[in-house]
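Consider the two complexes below, in which subunit A is the common component and subunit B and subunit C are the respective partners.
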Partner chain A sequence: MRRRQLAALVRKDLRLELRTRETIVAMVLFAIVMLAILQFGFGTRDDDLTRFVGGLMWVTLAFTAVLGVGRSYVAEREQRVLDGLLVSPVPRVVMMSAKAIAIFLYMTVVEVVVIPLVGIFFVKGPYWESIGWIAIAALLANLCIALAGTLFSGLALFTRARDLILPVLFLPALVPVVIAAAGATYSVAGGPHDMSEWRGYCLFLLAYAILFSLVSVATYDAVFDD
Partner chain B sequence: MITAHALVHAYGERRAVDGVDLVLHPGERVALAGANGAGKSTLLRMLATLLRPRSGDLQVLGHDQPDGARQARAGIGYLAHDPLVYLDLTARQNLELYGDLYGIDDRDARIDDLLDHVGLLTRAEDTVRTFSRGMAQRLALARMLLHRPRLLLLDEPHASLDARGGELLDRQLMAARDDGRAAVIVTHEVERVARVADRLVVLRAGRVVRDEPTTGMEPMDVRRRYEEVAG
Partner chain C sequence: MTEGPARMPGERAAVIWGSIATLLVVVSTIGIFLVAPEDADQGVIQRIFYFHVAIAIASLVAFAVACVAGILYLRTRNDRWDDVGEASIRIGLLFSVLVVITGSIWAKASWGTWWVWSDPRLVTYLIVVLIYAAYFVLRSSAEDDRKMRYSAIYAIAGFASVPLSFYSVRVAESFVHPVVFTSGGANMPGSMLIWFVVSQAAMLALFIALLEVDLVGRRSERALRRLALRLEGT
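Right after this comes the complex of A and B.
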């Protein structure tokens, strides 16, 4: 039953996104524009920005995540559907997990565009191998983003100043994710190609995701039922 | 179906529902009336498990609230002001979603039956955004009935339904007594609901000021009894 409910909710989010294309297109365009701005902000074309590769990419992706997470309950809020979901016998953890999966998938789509793009300009060493290691770290970071984002967007949903509250809550929670993901990216793409460092950062991301999943499961009911 | 005792809900310091007692038996249909701000919708949302009581005891479909909310929800059909459907999904996709959320075994056949019943079968593949308000509310009626709920909770249902939808709803409510389903109908249209309700409950400032059977009463008499106490 839970699996069927989860599949139905994820399918619904993907159907809405495929029909409206409001979130992913906005996220991808935002990420590309922000990358360009950061690149120009950090230096001229002659400067070697390789050592900033992790920071450039993950600051971009963190703000892109804020944009995506902020839109995660737009359909429910604007079309006033939330009561329909809340009055159904869906466990809150299933509802939130479905949103987390949707956010995870949106971020993954953005990264399919952003990571190769960053790679073209900034990666030193073997291109595809570096991209592969970055992608694995990115998936772990996405897990953290999706879990934290779902929790905070759920909290912000019931506040009046939700557009302000969400970044204020969510961005600080992303700081450890940005540090670890940027570290992992730099360790395989910025020159040293240090796999032990990469592994350490990835383990940190995994631990953070586990921590946030525990916090989320413990608080989901209170978010929606209180 | 419902047993509420000394139910209280407050927004800040203001008590929207202030010590309500209400018992609803299988097959019973209650018209819940009152002036604006009397606490009708707040009470209905508590019965629908969408709001937690601040104090008091509430049992819905045999389940203590709020602990048994999920079990109770499986048997509740809720019709709100808004249709509670996604505008960018088709009528069928919306019902498929709810069918899966409620775990309905004969989902597709049930959806076809209900879409036919509410006159939307030919528009099943159209997005709800293309529907009129009345059509969207008829879809909401299908959504409410999809999982064969035992308890119907309706918030001013006739206000947004078109004529056809209103007739369909009245027929459902008439049949509810024979099926053993119970209904609470929040309304301003007391005469209209009096035709399908067995009981009138009037709220004033969050308190029940009248609770009496309406069986055998003319709709105009029910209106008069309501106006005597509604304030």
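Right after this comes the complex of A and C.
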């Protein structure tokens, strides 16, 4: 029963996105613009920016995540879908998990564009192998972003100045994810191709995801307890 | 009616803990500056460690108390737990800012610079400060029941970030930050350890005293508001 509810809610989010193409297209464009701005911001003409590959990519993706997570409840709020969902017999935890899955998928689509793009400019050594290792770290980071993002966007939803509140709540919690994901990216793409370092960072991302999934399970029910 | 001035519940506890904290802070300060041996390596600046580490541990205890209060609030919906949670985070945040400041002073004396971005523990403590500062932003922009509920949820989620901050130290394998406590025990002689323990007790007592004072203040404020309402009614 719960699985069917979860599948239906995820389908609802994806169908809405496929019809409007509002969120993902904006996220991809934002990520590309952000990468370009960072590139210009560093102001290097001939310096090698490979050292900063992880930082450049994950700062971009963290801000893109804030944008996507902020948009994730817009339809529910503006078209009063949330009222309908809250009176339906769907457990809150299922509702929030569906949102987390949708955010995870949005981020994955953005990264399908961003990671190869960053790779073309910065990856040293075997291209596809490095991209593959970065992608695994990115999937783990997406899991962290989706779990924490769903919780914080739920909290920000009914606050005053919610567009400001979300980044203030979400970005500090994302810092460990950015540190670890950037470290993992650098270790396989820009630096010495150190797989033990990559493994360490990935384990950290996994620990973060496990911890936040426990927090999510414990608190998702209380977020929409109106 | 009883004779004498009416006391708020918890007032006596606040006075007792306040006295214990004052005594311990005075004793530990004297001990740290006059009795504890000077570190052969770092000299006088090492004495800041007794405050730095003790405040850091006390701030973590404050955040843990806020997390437990958050869980209890979500289970019972009793306003009292919201009071405990908010007061704990307020004190914890104050302590965390002191940790960053004392750490920064230590960094200047030891490494010649106020801030070392390559030291994950100092940096992640800054993140902890940012996380708990956001708690008050969230609190100020939500109303009534939602304010308490969101604060409780955020206190739980915020506390989850604390072990992550410590775990990140092990991942990044910093060789900069002096690690005082390892899995093998305390990395200091007994004559230093005793003053560290006294300093730690002082900081924990200070936390409890501040918490009690804050809670008594909130109770008095509520009692005054009730009284004002009753007076308006008559």
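To be clear about the criterion, the second predicted complex is superposed on the first by the 224 of 226 C-alpha atoms of A that agree within 3 Å, B and C clash if a C-alpha of one lies under 4 Å from a C-alpha of the other, contacts with A are read in each partner's own complex, and residues count from 1 in each chain.
Keep this in mind: a residue touches a chain if its C-beta (ideal position, glycine included) is under 8 Å from a C-beta of that chain, and two chains touch if they have at least 3 such contacts.
Note that the coordinates shown come from a computational prediction; the quantities given were computed from them, not determined experimentally.
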When subunit B and subunit C are modelled together on subunit A, clash or fit: fit
Contacts of A:20 with subunit B and subunit C, given as first, second, both or neither: first
First (subunit B), second (subunit C), both or neither touched by A:112: neither
Touching partner for A:91 - first (subunit B), second (subunit C), both, neither: first
First, second, both or neither for A:160, with subunit B first and subunit C second: second
Comparing the two partners subunit B and subunit C, which touches a greater set of residues in subunit A: C
Centroid geometry (CA): angle subunit B/subunit A/subunit C, rounded to a multiple of 10 degrees: 90
Contacts of A:211 with subunit B and subunit C, given as first, second, both or neither: second
Touching partner for A:120 - first (subunit B), second (subunit C), both, neither: neither
Distance in angstrom between the closest Cα atoms of subunit C and subunit B, superposition on A: 6
Footprint overlap on subunit A, where subunit B in one structure and subunit C in the other make contact: 225-226
Complex contacts: residues of subunit A adjacent to subunit C: 148, 151-152, 155-156, 158-162, 165, 168-169, 172-173, 175-176, 179-180, 183, 200-201, 203-204, 207-208, 211-212, 214-215, 218-219, 222-223, 225-226
Subunit A to subunit B touching residues, read off their complex: 1, 4-5, 7-9, 11-12, 15-16, 19-20, 75, 79-81, 83-91, 225-226
Contact footprint of subunit A on subunit B as seen in their complex: 48-50, 52, 66, 69-71, 73-74, 76, 78, 80, 82, 84-89, 93, 96-98, 100-103, 127, 143
Touching residues on subunit C, where the partner in the complex is subunit A: 71, 74, 120, 124, 127, 130-131, 134, 137-138, 141-142, 146, 149-150, 152-154, 156-158, 160-161, 163-165, 167-168, 171-172
